[in-house]
Amino acid sequence: MVKVKFFAALRERLQCAELDIDSQPSDSVAEIRHRLLQQHPSWRRELLDNDVLCAKNFTFVDLQAAVNPGDELAFFPPVTGG
Amino acid sequence: MGTEIRVQQDDFSVADEYQQLAQESSCGAVVTFAGLVRELAEGQLDAMTLEHYPGMTEQVLADLVAQARGRWQLGQVTLIHRVGRLALNDQIVFVGVAAPHRKAAFEAAMFIMDFLKTQAPFWKQEHTTDGSYWVAAKDTDQAAATAWQDD
Amino acid sequence: MGTEIRVQQDDFSVADEYQQLAQESSCGAVVTFAGLVRELAEGQLDAMTLEHYPGMTEQVLADLVAQARGRWQLGQVTLIHRVGRLALNDQIVFVGVAAPHRKAAFEAAMFIMDFLKTQAPFWKQEHTTDGSYWVAAKDTDQAAATAWQDD
Amino acid sequence: MVKVKFFAALRERLQCAELDIDSQPSDSVAEIRHRLLQQHPSWRRELLDNDVLCAKNFTFVDLQAAVNPGDELAFFPPVTGG
């Protein structure tokens, strides 16, 4: 199980802030995202947007990063603070 | 030579932060940056909401300051970012850097702001008379952060 | 979009100057620099006397700010330099720049300080436990000012 | 007649803050300096130092600059403010 969070415009468009999803020890971010899309096919356009960033346990990662049960993943749009 | 990082709803006082930065007796230079909520080019901004990713935000900001300390000899560094609803003319962000030399103080403050803009998980939503809009990321901010990698 | 330049014996308040700089509703960025009297590397600094060339000083400082306005879009610019006898930890110089964009605010403040260091007719005499010494000009200051010409 | 001022270490070493000196309409800074040295031969080493800067009427000038009666000249060491 990994916790998945969404922020800002992505959170609003998916109408989801946080969910839990099953995971295997050998999963990658890409695989978790694939499983999210299987459960929520309507998220396809938003979640596959090239601009979407991903963090694992509070650190930016790419789609190849390994994800282990207990990790926290987050997907969000480019940041606009400051 | 402390580092102070705060993510908060409350306003901050540049006067108080400057006082603290100026106390270090080895640092002859103090640079501060403050970012404020301003009217849009098209006008009609009522307010702004700043969302962030609690936990990650603090970690990214601490990492930015650590990276700056690796590049420059610095004294006190203070970094404050507000979240929640902000009104026109409110203060949003503060970076203060004390250093023995002015070049280090200026460059570290610029470096921290450039990377904060592209790396720290904050998102601005503008509330205008026409509705609410998420702010789009700027290519110029990305370019400013990338430029440091050539140094 | 005013320019305020002061050469004075009296201390200044960064808090008050920041308040004025932050008032301009079109400027989302405010950068301040403060320079302070610090202990020498060898220690034993008691005080410092700052001499200047009245008349020329003000003209050079006004020219520096005008040059900065020619390069960047700026709002309020405040430039204060103290003269006379200063004690350890006293404030010496202040540059404050408000601008619509942070890059302009940072760069203009750096530019003004770099040129002030090599062009404004101020001279520092340090009073130490071993006697009084005129400070020698630094090559690094000359290099910093020259670097802007390549831009 | 031009007014000549000295500042900082130069003022201290010459033991002179300000003096008036005769000038002709066609004088250069170099010629004024030459006349100063004729009147004060002991200033030679300090005043001919390559580091000494010159301003005419509050603006930096070089030795070739024209000086007219009524102008104010100043000689001083490299500046060290800020």
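Read from first to last, the chains carry the letters A, B, C and D; within each, the first residue is number 1.
Rule of thumb we're sticking to: contacts are C-beta pairs under 8 Å (C-beta built on N, C-alpha and C of every residue); 3 or more make two chains touch, one makes a residue touch a chain.
Remember, predicted model here, so these are calculated numbers, not experimental data.
Chain C has its Cα centroid 23 Å from the Cα centroid of chain B. Separating the centre of chain C from that of chain D, both taken as means of CA atoms, is a distance of 26 Å.
Note on chain placement: the centre of chain B and the centre of chain D lie 48 Å apart, centres being C-alpha means. With centres taken as mean Cα positions, chain D sits 72 Å from chain A. Within chain D, the positions touching two or more other chains are listed as 82. In chain B, the residues that touch at least two other chains are 35, 102, 113.
Contact topology of the protein chains: linear, an open path with no closing contact. Contacting chain pairs (ordered by label): A-B, B-C, C-D. Of all the residues in chain B, the ones that touch chain C in their complex are 14-15, 18, 22, 25-39, 88-89, 91, 100, 102-103, 105-106, 109-110, 113, 140, 144. Taken together, the chain D residues at the contact with chain C in this complex read 5, 7-9, 12, 51, 55, 58-60, 74, 76-82. On the chain C side of its complex with chain D, the touching residues are 35, 50-53, 55-56, 59-60, 81, 92-93, 113, 116-125, 134-138, 141.
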